[in-house]
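What follows is chain A paired twice: with chain B in the first complex and chain C in the second.
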Partner chain A sequence: MNELSRTRDLVAQLRRQLGENDPLPPRPRPQEIPFPPVRVFPTPARRSAFAEQAAAHTTALVGIGHVGTRYATDVVLQFQAELAVAHGAVAAELPGDWAQSKGYVPLVSRVSSHREFLLRPDLGRRLSPQSLQLWTEQSRKDIDVQPILADGLSAVACMGAGPELLEAFSAECQKRGFTVGTPACAKFARVWLQDEIGQVARARVAVILLGERPGLGTGDGLSAYLVHGPRVGNTDGNRNMMSNIHARGIVPADAAKRLAVLVQLMLEQHTSGVGLDLAPRAAELGEAARGGYRAPQARSRLVEV
Partner chain B sequence: MPILEPLLPKILSVKRIPGADPALLRAYGADPDRHTSLGLVTVDQDDPTYVALDECTKHARVDVVYARSFYAGSRHSSGPLSGEILGVIASDDPDEIESGLAAIVNTLEHDACFYAANDDGSIAVFPHVIASLGTYLSAIAGVSPGESMAYLVAPPIEATVALDFALKAADVRLLKAFPPPTETNFAAAYLGGSLEACEAAAMAFAEAVVAVGREPRDR
Partner chain C sequence: MKLSATIRGSTFGFGSVKEVLARANPPKSGDDLAGVSARSPVERVAARAVLSQLTMAELRAHPVIPYEIDEITRLVEDNLDESAYNAVKHLSVGQFREWLLDSKTTGATIRSVAPGLTPEMAAATAKLMSNMDLLVAGQKCEVVVRCNTTLGLPGRFSSRLQPNHPTDDVLGILYSTREGLSYGCGDAVIGVNPATDTPESTAEILRELHALNTRNGVPTQNCVLSHVTVQMKALDLDCPMDLMFQSFAGSESGNKAFGISVRLMDEAHDKMQRLRSSKGPNFMYFETGQGNALSSDAHHGADQVTLEARCYGFARRYKPFLVNTVVGFIGPEYLENGPQITRAALEDHFMGKLLGIPMGCDACFTYHAAMSQDELESLKVLLGAAGCTYLMSLPVGDDIMLNYQSSSFHDIPSVRGLLDKRPTPEFDAWLHAREIMVGSKPGPRFGDVTVLR
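Moving on to the complex of A and B:
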């Protein structure tokens, strides 16, 4: 208490009443955040020389530019379109009567549904009992080459370039004097199904042509797997394969020739896979026999903006 | 600066003139027949000084012969010693002047002062309670010496709003009002009543000035 001034005491008391002796810190001024400057990100009309060269070495999405921190609209649309193509190809299913309409022996693996096909690769590698019986009855036995068309992971590819490749390949083999088996078409098939089919037909070489795993924008690619002495239990080390058989990769006519050359090598060397020596017929195989750098295929645009 | 922190007055000069010239005495309102000596103070706060001058009349046999505020206040004073007010006390005895000046200094240092009514002290309020009036202010207020008085000062809008609040807060009467503009452009009022009533009114006045400073516009 201040003995000298009654007024000062009274004011100090008022101050306590107002809560000013222990005041809260003054409210900070709201921070002023300036509006961001208006920025326009023009899409460059041309790619830089560096992006041009980098993109020439790969089909990956490089050198696609950016708008601010984002992709350009046409890049996004392109990506979505390509992904849709891949999704569509995976989801597609080979119609049940398609094989018969094309004149092939219709075979089915032990898979009973498309979903099971995606989840159970092991079931896709063996024939169902009915198909096994059918194939045993209808197949031509003791042959050089057993050609098989199959849906694999892209029924779209199978139904697209499949028949053309099968015809061309069979013709090439016959031209070289090999006996060709009854053409078969397998549904819900994995690569290894060729072992059982070739084993039943007692073929010296089995060739399965099937839709390959779709990538961005490629749902129509076919792969061919060849094995000498097909029998259940063969491993991937016993097989040769050729991929990217489609209009923008290896065209079916070229692929048919090279596959026939591979079959010829297998019949000559009585082996396939890791043990097969491509050198004797390297000239006929073309670039497939060489290792090293190969220029990437051109990307086709699915969307024009 | 916390609210209601005292803003202490600064005493800028304290001078004595023991045997003043009669012409000077007359010029400053003294009576050469009764007064021979003068005591002078300049301070940078006028209202605490009026209170101090009144206080000194209770401590010594002196008369407050002259006390005027300067125009526009201490921030616009004519010199470093001018401040806001010149107060002159007169007596026939230099010792009485000495006692009077001591009382003035004591009051300014320990009692009467403005208080900050907002955070940066830019609004000042003077809610002073005089328990017992001396001869000087009692004459101005028109009451007898010894009565209680609330001496209330604040800037114009704060003072006007707060005066209404003070008058309604206690059993007091308005003795004298000093509406703006005044020399320093503050507004002031004297309220009379019992000591308790004057204290309650003065604190209500201070509280209202703070409230006006916090919300200058009615919503």
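Moving on to the complex of A and C:
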């Protein structure tokens, strides 16, 4: 027998072993599939004892069960809804006329599109030539504090709690006798844009309040960055910051007080960032921050059918 | 050394090895931001053609940051294993790529030359590889390390349990930890990124995790990922610390921005050698990620892939138990979308393994990057197939403190099931004893937290 016919016999034999024309065993008779047990995203009414106890301490999605190694359908939908909310917050843009309608000087960075905003932090840190001119003309000069509202990574947050925070903060500053600059609102803004805006107004301290990077199911958080002696070329080491400013975190009223205390420290010590000593006003900061600590937010159902 | 190539009559010349390395990279938004990427797809191929002809000796002679001004370059150069280097120095990058992919080349032979490779050599090779090449070559490398458990054996796939909490509520951390263990996660480490970077809170979390592991006999490691100087102070508080953590960059100035240096890390390593609670001999844990040098303007005009490889050159000094790239965390200005994040994860895994590092990956995205959940799930399977040592694991992959999306408690057993992989042998035995797993399938107590006290 030659090589070729031996191979041919081997292949034929394999085919017989694998079941000739039907390599699978006969199809089983279909049986009606019973309804699976109800597996839902834990809600206060329906969660397990474990999920109940855990919810008092964490917003992590625990006690959600499993099907095989995967999620129940209800959990998948909850997750997708939370993801969509986060993505929606990132994709939202500040409408062109919003700043003006609120009475703020409308400024834009050198960024010209949302994608460019995400990819070019350097352009988001400088004013466009037109905005630079407008701001030079319209800003009050030689002031203690320059407040700036900005979109950052969530225009939703900026338009949500932004005005309330800006007004409360400005009021707290005035209460302490600081001169407050013309309120500005910047689109496509990164944190460092505060340097140029503050520099033009010759502000001693610049404070930018901007939408922070959304988390799952959220998108309404604001962060505040403060810098003494705003000028182009400052780095992160020159800044102080506060994050998590939203209804379930540090509420705007408390944040405003604490930010004003930070401004006062900067005006007293003529510095900010790593060099700023918080100790002299620790009690005030603590008082202002006291209300800021909240138990973790409750995770609510986003999907109802 | 020839630094030009001609494609269809157009000649592309490059000014330096560093420039060739950068232009040869597949598209990355971070390289665009740094202004070092190829200016056209054809120029990219020309750079690769030039790179393929450079020898390993030429790459050693031209590190992307000069010896005189960078301690990572000095560390790599001064500690290179000369006999291993001599085995590869004559090969071009193109030939070295072929040697790696050759069926006759095994994990053992790759291991024999690993200490003679510089990060630039690993990065150069990655640039000549497709994603499938990176999977095949990465899967071949064998890196096995041991602390309380043995990590990286063939057929194994591990996970870090990451029970982060926005206010470091210890009970909250423990609820997530118990849930994760009940899904078979946490065999690489139970590691918490703390919200508060203080020695006291670091020590407190370590004590609680240690107590949970002891109470339940879980064979794994604990870790709190505060700054290394904070962990050194925590060690003075007499707390049980199995692994010590730090983030690394690929240049001296990048590490300075992280507040570390070779000298500080040597000191930290020595202290851990004396005061740790784990068996060892490997007990350090490092995180890296493409783009982290550029973000502190410490990239010296080099591309982010080469700088990432240099992190592993730094890391291998300390014979780490864990190293992972946090690939999608840095944001779209460095890795814009799903394809870029996927590519970076596979590059980092390959380069780390080639340099002898037990490479894991935080396969993840932030919500402003253009990556879908489906793309992220696919990446987890690719990494499993590449032999990636470990992934992260969180409730639904959602980090409630750092606000990003990673892999989940459910993903780890899913990938294990798909690829027929098991956790570390020690942890595997524990899972079986607790009936959480039976073989590679979920057991009767899978997902049942009452299995843990």
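In the analysis below, the second predicted complex is superposed on the first by the 222 of 305 C-alpha atoms of A that agree within 3 Å, B and C clash if a C-alpha of one lies under 4 Å from a C-alpha of the other, contacts with A are read in each partner's own complex, and residues count from 1 in each chain.
Everything below uses one rule, namely that a contact is a pair of C-beta atoms (placed from the backbone, for glycine too) under 8 Å apart; a residue touches a chain by one contact, two chains touch by 3 or more.
These figures come from a predicted structure and were not determined experimentally.
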Partner chain(s) touched by A:Lys141 [first = chain B, second = chain C, both, neither]: neither
Which superposed partner A:Asp122 touches (first chain B, second chain C, both, neither): second
Which of chain B and chain C A:Arg6 touches, first, second, both or neither: first
Partner chain in contact with A:Gly68 - chain B first, chain C second, else both or neither: second
Partner chain(s) touched by A:Arg15 [first = chain B, second = chain C, both, neither]: first
Residues of chain A touched, compared between chain B and chain C (which is higher): C
Chain B and chain C contact sites that coincide on chain A, given as residue numbers: none
Residue ranges of chain B touching chain A (in the complex, touch as defined): 2-4, 6, 106, 110-113, 115, 119, 127-129, 131, 199, 202-203, 206-207, 210
Contact footprint of chain C on chain A as seen in their complex: 50, 53-54, 57-66, 68-71, 75, 79-80, 82-83, 86-87, 89-90, 118-122, 153, 213-216, 218, 244, 293, 296
Parts of chain A lying in touch with chain B, wherever the complex brings them together: 2, 4-8, 10-15, 18, 20-21, 23, 26
In the complex, chain C residues that touch chain A: 29, 32-33, 163, 165-167, 169, 171-173, 175-176, 179, 183, 331-333, 336, 366-368, 373, 394-396, 398, 400, 403-405, 410, 413-414, 417, 442, 446-447, 449-450
